[in-house]
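Okay, here's the structure, questions in a sec.
Chain lettering (A, B, C and D) follows the sequence in which the chains are written, and residue indices restart at 1 in each chain.
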Amino acid sequence: MTLWAGRLTETDAKVRLFCDSFPFDRRLYAADIAGSIAYAKALARTGILSFEERQAIVRGLEQVLAEFKLGAFVVSPGDEDIHTAVERRLTELLGEELAGKLHTGRSRNDQVATDLRLWLLGELPGIADRIRDLQGALVEAAEKHLGVLMPGYTHLRQAQPILLSHWLMSYFWRLSRDRERLEGLKERLSVLPLGAGALAGNPWGIDREYLARELGFSRCSENSLDAVSDRDYVAEFLFFSALLGVHLSQLAEDLILFSAPEFGFLELSEAYVTGSSLMPQKANPDPLELIRGRAGRLIGNLCGFLSVLKGLPSGYNKDLQEDKEPLFFAVDTLKLALPVLSGVVRTLKVNRNRSEGGLREEALATELADYLVEKGIPFRAAHRAVGKAVRRALELGVGLRSLPLEEYRAAHPAFGEDVYRVLDFRQAVERRNSPGGTAAARVREQIEKAKELLRKEEEDGEVS
Amino acid sequence: MTLWAGRLTETDAKVRLFCDSFPFDRRLYAADIAGSIAYAKALARTGILSFEERQAIVRGLEQVLAEFKLGAFVVSPGDEDIHTAVERRLTELLGEELAGKLHTGRSRNDQVATDLRLWLLGELPGIADRIRDLQGALVEAAEKHLGVLMPGYTHLRQAQPILLSHWLMSYFWRLSRDRERLEGLKERLSVLPLGAGALAGNPWGIDREYLARELGFSRCSENSLDAVSDRDYVAEFLFFSALLGVHLSQLAEDLILFSAPEFGFLELSEAYVTGSSLMPQKANPDPLELIRGRAGRLIGNLCGFLSVLKGLPSGYNKDLQEDKEPLFFAVDTLKLALPVLSGVVRTLKVNRNRSEGGLREEALATELADYLVEKGIPFRAAHRAVGKAVRRALELGVGLRSLPLEEYRAAHPAFGEDVYRVLDFRQAVERRNSPGGTAAARVREQIEKAKELLRKEEEDGEVS
Amino acid sequence: MTLWAGRLTETDAKVRLFCDSFPFDRRLYAADIAGSIAYAKALARTGILSFEERQAIVRGLEQVLAEFKLGAFVVSPGDEDIHTAVERRLTELLGEELAGKLHTGRSRNDQVATDLRLWLLGELPGIADRIRDLQGALVEAAEKHLGVLMPGYTHLRQAQPILLSHWLMSYFWRLSRDRERLEGLKERLSVLPLGAGALAGNPWGIDREYLARELGFSRCSENSLDAVSDRDYVAEFLFFSALLGVHLSQLAEDLILFSAPEFGFLELSEAYVTGSSLMPQKANPDPLELIRGRAGRLIGNLCGFLSVLKGLPSGYNKDLQEDKEPLFFAVDTLKLALPVLSGVVRTLKVNRNRSEGGLREEALATELADYLVEKGIPFRAAHRAVGKAVRRALELGVGLRSLPLEEYRAAHPAFGEDVYRVLDFRQAVERRNSPGGTAAARVREQIEKAKELLRKEEEDGEVS
Amino acid sequence: MTLWAGRLTETDAKVRLFCDSFPFDRRLYAADIAGSIAYAKALARTGILSFEERQAIVRGLEQVLAEFKLGAFVVSPGDEDIHTAVERRLTELLGEELAGKLHTGRSRNDQVATDLRLWLLGELPGIADRIRDLQGALVEAAEKHLGVLMPGYTHLRQAQPILLSHWLMSYFWRLSRDRERLEGLKERLSVLPLGAGALAGNPWGIDREYLARELGFSRCSENSLDAVSDRDYVAEFLFFSALLGVHLSQLAEDLILFSAPEFGFLELSEAYVTGSSLMPQKANPDPLELIRGRAGRLIGNLCGFLSVLKGLPSGYNKDLQEDKEPLFFAVDTLKLALPVLSGVVRTLKVNRNRSEGGLREEALATELADYLVEKGIPFRAAHRAVGKAVRRALELGVGLRSLPLEEYRAAHPAFGEDVYRVLDFRQAVERRNSPGGTAAARVREQIEKAKELLRKEEEDGEVS
């Protein structure tokens, strides 16, 4: 029997199949029951429930919770969503005379919004921890391999030599922004909708501040109509996850490339590669590829949900039920993908021979231009002169270190014997010692800052 | 034990959790087994399998199929995907000496592409039928209510009167284009990848034309490298489903609006509305709202998958595993949503009093302009003159039929006593008798064409 | 002549046509020149430029700026982007001997990132102001019409009566969250990339803290490799704009619906509607529809850009050039759309007769259930009983106020003569007096809070 | 003065700025005028225009067309869209008495739909040609380099050796599917909406078949309400362009990778790379990166437009104006990007030393498994045995050709002296001679089929 059996005849079976959300929203059970317990207490404070009724309802709800936790909850055909299922079971346990009071002044509209926020609030620490763990893995690796050179790329062409640790740390900072965004959205998430009723508010003098405290929300929503239809927190989380997914995809791309034999700077642990059903030699970076691919779906997830929201009229509309599956997908994906990447980073082998041996002499061309600048040549002219020298070296099929001095001089008369001294990869790295640059001291600075940040976060326990 | 146990040590457990596709690709079992049976037969034709081996393998595969169908298939922890699961079970049944021959020259790359195409080919008729059924429902309703007037809207403002059947039929033609797109993609879907191996082709002289015939494909892929990474058919189906979803969302929007009491032209059957947990009076068009919302997710689904494909390098990449869940989501959504809409349309009540009574006299303004045109006034001047008359009627707070003749004459001297004769809703409808217009004869024409189309489709059984 | 004429031969003409960004990035000229002036000063502090050289370069750049501002800048065929164009012109003015020094240690990679951030920082106040202006318009309207009732909707069906001001204020709070998000992203935007060079940092001892101060950034980027490829701020702004766009689309949808004659609660000023080329009576809410539609494109904009970023390898890649057009589109759209909506809200006429007269008695069904609850009936039973009464009223074709007492009693014996007293729209509104509810006092509270917020923002001048 | 000056007061200036489409829809001028000329002729056939009037209007329109073509068209502040602009100018030329008759029975709703379809129909041949040109470039390159080996990749790890021409041809077939999709959408595009009026049809007995013939459409729309709001052809073209963009992005990705020095199989012509402002050595594949990035925006474009359409109610809504910019963006992008890629392919240098020298011996592991299969070992066992051998070779740091026979025998006793004979790259290629395989004869077959296809298309001139 549906909740509205008085008013309407039975719903068509295929409508039920299409509309019921219990198959996926059942995972909200703990949040739903916590919300109901708090609401029962609040109802008792208004006198709608007596103390004994309150106690009985709380005990009943705790039993339903236990049944869910133990896998002992028996689904009934009428359980269209988690709220209905819990209420139905509570009614079985307590009788309608008692259980039927719980929904006084409450609507599934404010209830589901409360459940979803509560559930997501509960997931944030786990996600924050996993980001922090990946950040930690990056810092450890950066610290461990400090000193190893590698080619820095732009346009996937060697640009200038950098420290491998500098490359690793570049991902630390991206994740750091993701952490900031997570903090930001948490504030907007931690707003209690309960007490908004269907859309117009609660008529029973319910104490919403009390409810917020009981459930761990920071504050109450300001407008009941907004409260029941606001899904900004879902959209914002989906954006957070899409952009974090993009960052992970970029790290995955780098790892796939740099561990390909053609680059060979890195080696992935065998625990993070998989084989082929046909080709016996294969060791494929499957998890990394999947992380890259998953980022695409996280983007689609966000964009699809925004499209759901677009142009909706005021008040709760059933379209909003489409918030859950995308949200669950995003949370599940992050919780699985982040540890995989942490594991990859923690088990990464650096092949210093390849990463340093793979440096190409052209990557020192800027050093030559800077050399001319130090001789007083304006940079633009120096750049052009070195361009000629590079071209000449290509024509002769030699590297910049082997290009004869007369060729350098033909490119620009200011070149002198000392030109060969600047053609040094490590020196090129060390020269870039502006704050944030790749010089070893600067990278060490980054690492220290990063460790300090992680330490502080762990202490503060923000989000988590 | 993984397929590549010789080469690699065990994969990390969380990698398995993240990468394994069996939880969702198990539904491909019938396609996978059909593909393997055909492949076993083809291997026998090359001599790699003896006739007895072929028979044993086919029987073994049929048993695995039966186990899946009966729900008796027991999953093993190593079953990372449907291909591995089937091969593992076959090995248990037949021993590796025999079962181990089946994968000769085949890769999961060509195997999964074959499975997915085969599965989708099998789903097309069911989708085509459901579209046709909705089209049929629209035609029936259009035929039944032929003659009922309603306001035609642009910008959600009454524009001109139309036949309600004309409105209904407008959705028939949208769906008709969806059917055409389905036909088009079917051609590109019905291309066999099997025999492409991992990427380079099959070295055992396998007869691909035979395989195509056995499995019901129209032709073989032309290039093995393309064959294993081509997911155009997925993208194309996702687009088809997104645009069909958009059409359904538009019909849903119209139905939600026109059945709202403020419009009241239509009434939804109680079997297709649901109630509220708080407000006893509610009869909400939930399924229609969900169809509207679901369109948003179908869009995100498409866009996410295109984003997965973007910038992938040649050959199979694991990112492509992200093709399945979006595809399954799209197919499932269409199979559930289409019948719901058919049901809504079939059980729709038309409230003629409201749909005709709700017509506003301003919707006849174009008749007035046309009246002046017939008196020889250029349309642009006639339009301006009628604009003035409409404004005057608004100022006086009267409808166009009650606006005094002197007011009409003040707007344009060509207005005469006969002006009131053109202020007739049905006549306005009947005047629009160009092909495709809303005049009753033209709408009947549409209905006949539509019925002819449906009849022909059923006979031809294209797609289905 | 290109910047790299020494190294490479001329680029193909169609490549230039495809790749050149000057047609759209020229609007960054002021930011580009400001960045160059700051950089010239910083170079002078390191001794690379003499004081005289610095002065000459700054003067030269100021002249180029003036030329842009006056529309006197003459484009040259080689001007592929704004940076090249400015450098080319500066070289014409000062000669290469001097102008050629400006780019020392700088790359277009850190330059363009600086330009874009600087430009966007400059746009934020204008956007914040426009949001605040729309918020102000909503508050004014809410204050002006306080007391007017309207139907509150869920599922586009009348749910419960609310105050029209409550509905208006619901949009205030949505925009308030948008403002918070804008503050949050501003922090991450205000980070200086200049000094990151091409990817590895600056080798000339440039003082980045000085640069940050000169240009008004809050802090310096921590990692040069991250700095040149980070486009999180673009993605975050595009998300902000897409979600704000969604909010505007929802307000637009409500305004379109509620001003449709079938609802008729609101009337749009003629300044915000447009007519038809054919139908003289039309007054279409074009700007509102366009705002609704534009939200769709803002969503696509976001999703497209995230897709651009997905899977990019480390360092600057040319793909990142695709950041500008989406960003410009988002900024331009918001700057045009927000004032249009403010204008619509400020000129809105409320048709109290229609908004109050349109209330349907079923919208009081919850009052009946609450009435029974007060008589001690558990809510669920009360809900069912009222459902029956509603159904009976429908069958009899009467409103709830006209349903005879015996019918009420048939639904539930606890109904008494006093039942008709609760069937009052205003009383229903006033009962919902929990914080955030629609009772007049609560809405007045909201309005006061909102005014306080706006006042504080104006004083603090955050963002702006 | 607006078209609706009689009815409404002036529109707000910022509304005009936001809503006017002339800045971007002016490029439809030729289609708009062609449509008007045809409509004038059709009006003359009904008697609404006399022969002289028809002639005068046609001449007037031809003059307006000439003014546009010569850049002599002077915009007036009231020109909100191309239709208004043309009508305004025609009125200036002919007077309203005459020009004012042209819009009789026509609405901008059917007019703009006609314009956009006509314009797009006119663009298709140019796009088809450019696809064909790129296909031609691929076939030429495949023919030219037939015989060159390269590593075939899966998961960006060497899988099996293939012919470089096989890789090139894999893109031919992708484009071939794009061509098919273009044909398919052309059919649905070539449907005339003119005569649908605002939404209800044309009341003047206009001959729509005549209009279709005059304008080159294949058939007339079946339902006027559908006709004015149908934008399926836009969505379908945007999907076509997004998927084509994805294909181009994949080709670009391969070209970027394989021309990176770390791979080095290919060399890009200097005409298709650009340099760095800072690093003199750089030769960046900018155009290819931009093509890759642009694919992301084409995806966003599609998804944004679908989101615009989602949930729109019946009839024309102003949201539909958002169709033009995405469509223009897609057409412009394809017209610029395709020739760039053709140029890249046509000027590609193949570095055979690197592409063949870069082959790694592991890529022959499947040959070893196949060797065992030929000795009667079931494939799965063979696979495992070879996996062990590969692992052993890795441990010993030797290639498969240098792995001692005893090691092979340790992996599987069936290995014999002849094992080394199968370790041959070309032989591995030649063995894969199933249809669509990489064996030279099969690739030559592909090339011949492809050339035949191109030849046939050119003759048929379908689309183009």
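Going forward, a contact is a pair of C-beta atoms (placed from the backbone, for glycine too) under 8 Å apart; a residue touches a chain by one contact, two chains touch by 3 or more.
From a predicted model like this one, the values you see are computed outputs, not experimental measurements.
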item: Shortest path length from chain B to chain D (each step joins two touching chains); value: 1
item: Selected interface, A-D versus C-D, where C-beta contact pairs are more numerous; value: C-D
item: Chain A-chain C separation of Cα centroids, rounded to whole Å; value: 23
item: Mean-CA-position distance for chain D and chain A (Å); value: 33
item: Set of chain D residues in contact with two or more other chains; value: 3-4, 6-8, 103, 105, 109, 154-156, 159-160, 197-198, 257, 275-286, 289, 292, 295-296, 299-300, 302-303, 306-307, 309-311, 317-318, 366, 383-384, 386-387, 390
item: Of chain A, residues touching chain B in the complex; value: 2-4, 6-12, 14-15, 17-19, 83-84, 103, 105-109, 111, 197-198, 270-287, 289-290, 292-310, 317-322, 325-326, 336-337, 339-340, 343
item: Contacting residues of chain D [partner chain A, same complex]; value: 154-160, 256-257, 260-263, 275-286, 289, 303, 306-307, 310-311, 358, 360, 362-363, 365-366, 368-369, 383-384, 386-387, 389-390
